[in-house]
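Chain naming follows the written order as A, B and C, and within any one chain the residues start at number 1.
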Amino acid sequence: MIADISVFGDALRFIQDNPGLLWDKVVEQLELSAAAIGVGLLVALPIGIGLGHLRRYSFVAISVANVGRALPTLAVIAVGIVFLPVGFTVVLIALVVLAVPPILTNAYVGVSEIDAETIEAARGMGMTERQILQRVELPLASPLLFAGIRTAVVFVVASATIAAIAGGGGLGDVIVNQASYGIEGVIGASILVCGLAFACDGVVAIVQRLVTPKPLRGRHAEDAMLVAEPGREGAAL
Amino acid sequence: MADAAARIVFDHVTKRYPGRAAPAVDDLTLEIPAGEICILVGPSGGGKTTAMKMVNRLVDMTEGDIRIGDESVRDRDVTELRRGIGYVIQQTGLFPHMTVAENVATVPRLLGWEKQRTEARVDELLDLVDLPAVDYRARYAAQLSGGERQRVGLARALAADPPVMLMDEPFGALDPITRTRLQHELLRIHREVGKTVIFVTHDIDEAILMGDRIAILRPGGRLAQYDTPEAILAGPADDFVADFVGADRGLKRLSLTRLDELPLEPLDGARGPALAGSTTLRDALSTMLSEGSRTVLVLDGDGAPRGSVTLDALAERLVS
Amino acid sequence: MTGILAASGPVIPDFGEASTCVQDNRLFCPDWVRDNWAPVLQPALLQHVKLVVIAVAIGFVLAFAAALLARRSTWFERPFDLFSALVYTIPSLALFQLLVPVTGLTVTTVEVALVSYTLLILFRNILTGFRSVPADVLEAARGMGMGSFQVLRRVEIPLALPAIMAGVRVATVSTIALATVAAFVIPEGLGRPIFLALRQFFNTELIVTAILAVGLALVADGLLVLAQRALTPWTRIKAGS
């Protein structure tokens, strides 16, 4: 049952022959992903940073991470379809549900794990809570914050692929539709979606590097990876 | 190695690390009689820890030989060798995932002792180090204070009744009060178990207090002097030793003798602060200075004055 | 933008023999669940469990062996991290599809993909676990006369357990989620009834299978937490208590 690998050659030709179609799909997927990340950031960042600053309710961050991991996107979509029609909205909600846990958990851990003595020193210097947040906590937490955002971006872009089955559009439309596009279409779109995911990861990585304060670059990357792992397991669903 | 204690011999031991010009330990030769505490002391870089670790072969010798009893350490299988040597380190290295009892029982279990024998031994040792077994058996390392942890480390090293003990700055991480207490505890325990001990420290005062013999190593790992504390304080071999021992070595010598070791003057109406017979001459001198008295009264075991000692007698002792 | 789901209304299964509940496509029909537990739901659940157990078991063995080799040296780290990041970025659906020409529409394809994902997270965690053993504890163990194997068995592995268990938890839960996508390739696992239900807009099946998928993950997570507590009693001691 091992099919021949020449299929990959066909796939590349498919990509060459259908630029317009594939480009449209890529744009659809990016639009969907951007919207989901946007909403996710709006929801998760304030909660994660806020709770982290207060250093309370850590169980919230932990539970969100645990439950988030246990929710297959497919299952969320399934439940969503019960209540909402096929289309953009239901997929958006499913992707937001996917994006929130890594952002929230990493924001919480990033802010709350800052050395208490550092914060105390800042307080002792007379900084207001807001200034502490802005000038001390956020810069110090940025490696982990960005690790979480990066994880969320990769998850969302990749999961948008599955979203096709619920009317989300994007490259997934091609991948699940072997009848219309043939095996070479499926493989071609799969290759493209990998490239898309890498590209998005790369872009966020560049932004991360530009925004992270110099002394924290590189050193925390390893720690960021480690903590991000719990949120980063298994790419898309 | 079946006796309670064994003689240790360093025979022209040298350790060279590749890529480094100077050896870490250079031609070290000394003999430690069975049952004695030998302190390896010196400034950092003197090779004292390296020298000690060559005994249980955590570090391998480049040249020379080390013998325990009459056997070279090279002749035995290394894990067997180590099971016969008690090893205590500064950070204790207690196993966090085992209880105190399990920690202490480690080497007996490695040696295959039966359960009852092991348990009895664990209880015996915990009592020896003054940690009542009934309270401490089931605790974990994280629940103990620094001093308690080091006691467990000591009990663990003694568990299989090794003839030789290696101790690497065991009290270095403790606060001064706990350190002093444990130093005296160790001396008491040593009186009871009588093992041959190699004890590494950078603190000359600890060396003087604890050691039957002291080996001073200079940077570069060469032996500067090896003798009893009394002899070293009375006659440092060279400027390095004199410097290391400290300009107050005269006073340090006084701490080696107790009041009740001196001939006492009859009481005869003598007046002055009263001190126990076990007080060191150094502390007695200090009392004389602070109380402004040239005489101290010496008490016996029941607290009754037995005689007196004068400042002149102290000075006599110093120059003798 | 409609994908494979038609915009038309629900198709009612059983061709009219179904109960009113099913015909009305209410949210939850207990009779349907009862009738379809044995033929549909339970097999799917068991297949799912089987897929996950195989993936985690194989991934664990491979990751453990690799971590044993890598724990003393550091040259392995960097390339492994890069490789890991690479594989994690690939969407699972795409990974499945890319493997199909190579290994066909078989369980093997699914397992290769699933094992790849679990392997990476487990390796990272097991290695971290080994690295977290304090140096003085290792020195004391060697100095006491434990051979390499005994140090591994009595000291390194127990102390690495918390990190290892954390990794197993994460790997298991995410594999359970990932395995739902397997239904794209082979008709096995909980993904399959979800797909069928999605095509038919069949509410009860959608809700029940979604609950099963999520429930399985939560139950597995809970069991592993209990296992971790049982295996590492010393981690719950508060210092100085």
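Methods note: contacts are C-beta pairs under 8 Å (C-beta built on N, C-alpha and C of every residue); 3 or more make two chains touch, one makes a residue touch a chain.
The shown structure was predicted, so the numbers you read here are calculated from the model rather than taken from an experiment.
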Most remote chain w.r.t. Chain A, using mean C-alpha positions, is B
Per-chain Cα centroid nearest the overall protein Cα centroid belongs to chain C
Per the C-alpha centroid definition, the whole-Å distance linking chain B and chain C comes out as 56
Dist(centroid_CA(chain A), centroid_CA(chain C)) in Å evaluates to 19
Between the Cα centroids of chain A and chain B the separation in whole angstrom comes to 60
Touching two or more other chains in chain C are residues none
Among chain A residues, those touching two or more other chains are none
Touching chain B in the complex, chain C uses residues 134, 136-147, 150, 154-155, 158-159, 232, 234, 237-241
Seen from chain C, its contact residues with chain A in the complex are 1-5, 7, 27, 81, 85-95, 97-98, 100-106, 117, 121, 124-125, 128, 166, 170-171, 173-178, 180-181, 184, 191, 194-195, 197-198, 201, 203, 206-207, 209-210, 213-214, 217-218, 221
So, in the complex, the side of chain A touching chain C is made of residues 1-5, 7-8, 28, 66-67, 69-79, 81-82, 86-88, 154, 157-159, 161-162, 164-169, 172-173, 175-177, 183, 186-187, 189-191, 193-194, 197-198, 201, 225-226, 229-230, 232-237
The answer for chain B against chain C in the complex is residues 56, 58, 79-85, 87, 89-98, 106-107, 110, 140, 142-143, 145, 153, 156-157, 166
